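As written, the chain order gives the labels A, B, C and D, with residue 1 at the start of each chain.
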Amino acid sequence: MTEHRYTLTLSCPDRVGIVAAVSGFVAQHGGWIVEASYHTDQETQLFFMRQEIRADSLPFDAAELRARFSKLANEFQMNWQVSDTKVKKRVVLLVSQQDHCLNDLLHRWRNGELQVDIPCVISNHEDLRGFVEWHGIPFHYVEMPNKNEQDKTPAFAEIARLFDTVRGDVMVLARFMQIVPPDLCTRYAGRIINIHHSFLPSFAGAKPYHQAYHRGVKLIGATCHYVSDELDAGPIIEQDTMRIDHGDTVEDMVRYGKDIEKAVLARGLRYHVEDRVLVCGNKTIVFR
Amino acid sequence: MTEHRYTLTLSCPDRVGIVAAVSGFVAQHGGWIVEASYHTDQETQLFFMRQEIRADSLPFDAAELRARFSKLANEFQMNWQVSDTKVKKRVVLLVSQQDHCLNDLLHRWRNGELQVDIPCVISNHEDLRGFVEWHGIPFHYVEMPNKNEQDKTPAFAEIARLFDTVRGDVMVLARFMQIVPPDLCTRYAGRIINIHHSFLPSFAGAKPYHQAYHRGVKLIGATCHYVSDELDAGPIIEQDTMRIDHGDTVEDMVRYGKDIEKAVLARGLRYHVEDRVLVCGNKTIVFR
Amino acid sequence: MTEHRYTLTLSCPDRVGIVAAVSGFVAQHGGWIVEASYHTDQETQLFFMRQEIRADSLPFDAAELRARFSKLANEFQMNWQVSDTKVKKRVVLLVSQQDHCLNDLLHRWRNGELQVDIPCVISNHEDLRGFVEWHGIPFHYVEMPNKNEQDKTPAFAEIARLFDTVRGDVMVLARFMQIVPPDLCTRYAGRIINIHHSFLPSFAGAKPYHQAYHRGVKLIGATCHYVSDELDAGPIIEQDTMRIDHGDTVEDMVRYGKDIEKAVLARGLRYHVEDRVLVCGNKTIVFR
Amino acid sequence: MTEHRYTLTLSCPDRVGIVAAVSGFVAQHGGWIVEASYHTDQETQLFFMRQEIRADSLPFDAAELRARFSKLANEFQMNWQVSDTKVKKRVVLLVSQQDHCLNDLLHRWRNGELQVDIPCVISNHEDLRGFVEWHGIPFHYVEMPNKNEQDKTPAFAEIARLFDTVRGDVMVLARFMQIVPPDLCTRYAGRIINIHHSFLPSFAGAKPYHQAYHRGVKLIGATCHYVSDELDAGPIIEQDTMRIDHGDTVEDMVRYGKDIEKAVLARGLRYHVEDRVLVCGNKTIVFR
């Protein structure tokens, strides 16, 4: 994964010849395609595509690749981008007190499995400062008033300011137990990733394991999704479930659930930073 | 499983000494316990128990076992029953046109894996008559008017009559695409098993795969549950999920889903006929 | 899946421009690519490709497609074929006495989920004649002497004769409890599919569930693979596992295992008949 | 799980009346059984049992419980023990350079999910000293010569000395890439837990992911087992698998595999420290 590559992702109205045009363009410059994926959405008749190209196979850099590709892109009315694996995504983590997702993501980061920069961690509690700072990552405490939503406006403004200051690419709510206000959801659409501790759309909102316990389900789950202005209703990136039984208490579910939550979030975030997730309405295409 | 056994299931208010009393009672008559399971529900503080006893280890038959046990049962205010593996449960299957669950259950039955009697199959279509009758099982067609619920009263009365006539123990809605009216749900509470083609409580009601497709979930599922007067809201017996991705159409989901549906129904029905399912409010205890 | 399509599969030495050349060829004739998958094997540096093209988007038929494509194919030294979804694969099923795979495959066939022709079923037992013939499929009994391998030569010659007579494309050992002799394995390489009741390479050979029980594994599995002259060692197409525990006897494993076996075989066979499986040495590429 | 409990585990020749005798003994002293599990091994006809009793329901302490129970235990020829949840197991972790299991276990420990003492971590590399010491846990470096097995005798003697000095209950090889010599395996039988990065018995020994890649399996796995003097052949405690496909390289398998390895080891260790694992020959009974 440390090979230098360019990742081209695009969507456009479907028609004959898109793949031929794009792969012809790449081949004409000697480009070596390492991975290629396509999808046509049946409802919108939009075509989606992702290609990874070996950087050293092209006679020019990413800027030139973009410049040359834009002509073709216009012709097909493409929505597109080229990213460069040498330019790491900047991921800002938000946490509260539960640290299983944080612990998991920081481990993947320090071992080189998750190839991103983590410019800072933001929290509404001080508990995890020591662990974060041990990694050499700045930790910002933002006080979050417990009263009502309006009171939280300055706190979220501060979060947005911190995120912008470090030029964050994506905000990860790694068990951040606060509801992001609609204006931020809109402003950072497709750039805020949340992990919800249920198999959505079941058990949206508060205390999903309690809801699951009372409904008597036989599996619990977790969902990684983009945050939208409707609570727990944004485009789903990844989900998983695990079996429980009647003997499991809510506390057991909470404990087991942590293992799915961290796994699902880690996969979802990985897909995102590798430009594998393309949003189509309220759904996602995930080119694994 | 062909060993002759008695299965004792019970529930009662939890207190010290229940297991000692019951296992003492069994041991005192030389009873050999082959399987034993317990559970205490935290909300109701009810204790649940299931024991399988080798019939040949006891010096008396099931009737005498019941007679002798009733004294102990009264003392502990037990809700209890003793069933005999030699007395097979009588399972009436209801189907419409889709036959994947029917095909699966009849196969398990004719191979001896599902040790039940199937006195008849009831359907609102004629399509599956040939396949059912090939098995030597009577097939009853009951016409179901397509208009409104009231019109269906005579049809459901006929279904109830057929079920009672063959002394059915349990009615299995093996993809029977009709809503059972509330009075039948009440009359046969805990005796009607349905397979719903979603991971409940998500996507209750009609066309769950279409609902799943539009929500963009990454797993689909199926749920086997007892039918109650609230649609798709009765006690859940068994569930499972499987992974799909953005490339799967509604038709693909329908096709994949059949495999989960039949597996989940087969397991749920097996648990039921082996007296492994005890209902506690709107939840089930399943002693696997 | 009932849309008329041509499926192009190919492999050739990897180099720049293959995708561009192939998709350019298709686009030039107005061909509409519905599905496309690629893979480069790292060890052999062979490139593998599969494309589904809508038949009605091309101005000619499959024969003409083949004729025109062959020039390009030669240029790239391709190993290739074009199949036509209107020409169904001819699948001959071989069974012994266990019928769970047979029951499952025949159900998928009669419901149209498995779009193949089944010209006959061959068995070394008479048990399943009635069930097969109910489907209107000819059933051939071939006596299999119980003594040694040499004695079985005429029986396998008869099986090969029957297979050739019906112009079979693929032979499916749907729990056929006989070892196919090496000469047939070679003669029909890549055309005989077996389901083995273990997670290979663990527990090859006889009585895998007994082997699994004695080793004390916590999961059991099944493997669908092409038959080669080394027993249970051919290229693996599909596998799956399921959880068991210490309470499960060998008989329980046999019973549970049937459900994995039939699911794994059904998936593997489906991949094969849809030309999704490309063999690379002793491994398979499965373009799902 | 913080409720104070005594855990009674036992095995003895199977006969009528064991459960009655044990539960009668507990009830007679007012003991409240919170969890109870039984199993009879069919091959050895040995009976296995585990009970969790609320400590505050008994009028005496663990020592007195042991004293009183021993009479009954002798009568039934039991192999038994009573452990006390207030007395935490002492777990010594051994690691090399890969830290995914260490990171996972230390997280579960510092969050109170894994209720054990970790008196020290031992490693044949210095890499993980900083991370371990941040937790306030002593880190011991033991040099391991790279040449042959005999040279390693003093290193393993030092490991044993460290383990004994801290009165370790169980040694966990959390991706410790050294083969424990037979004399230590014997000396600490049932007290050394290893995580092997394959679904045993497939791919025992070195480089299991390479072996898996070359065999072309469609699932990879991990196995948590007690170490015995035969390499990777001891009693299996827990296993799991996950799906891969032809596109996954050995490096991908290594990366994905870490997630199964840490999950399987965490579950296996948890079962062990909660006295849920009883060894029966080369198999385990795991009372989950």
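As a working rule, a contact is a pair of C-beta atoms (placed from the backbone, for glycine too) under 8 Å apart; a residue touches a chain by one contact, two chains touch by 3 or more.
Keep in mind that what you see is a predicted model, and the values were worked out from it rather than measured.
Chain centre most remote from that of subunit C: D (centre = mean of CA atoms). Interface comparison, C-D versus A-D: the pair with the greater number of contacting C-beta pairs is C-D. One finds 36 Å separating the Cα centroids of subunit A and subunit D. Inter-chain centre distance (subunit C to subunit D, centres taken as mean C-alpha positions): 41 Å. Taken residue by residue, subunit B touches two or more other chains at no position, since every residue touches fewer. Residues of subunit A touching subunit B in their complex: 39, 42, 199-203, 214-219, 221, 235-241, 245-247, 249, 282-286, 288. The part of subunit A that touches subunit D in the complex is made up of residues 1, 99-100, 103-104, 107, 111, 113, 134, 251, 255, 258-259, 263, 266. Listed in rising order, the residues of subunit B touching subunit D in the complex are 16-17, 19-21, 23-24, 26-28, 30-34, 36, 38, 40, 57.
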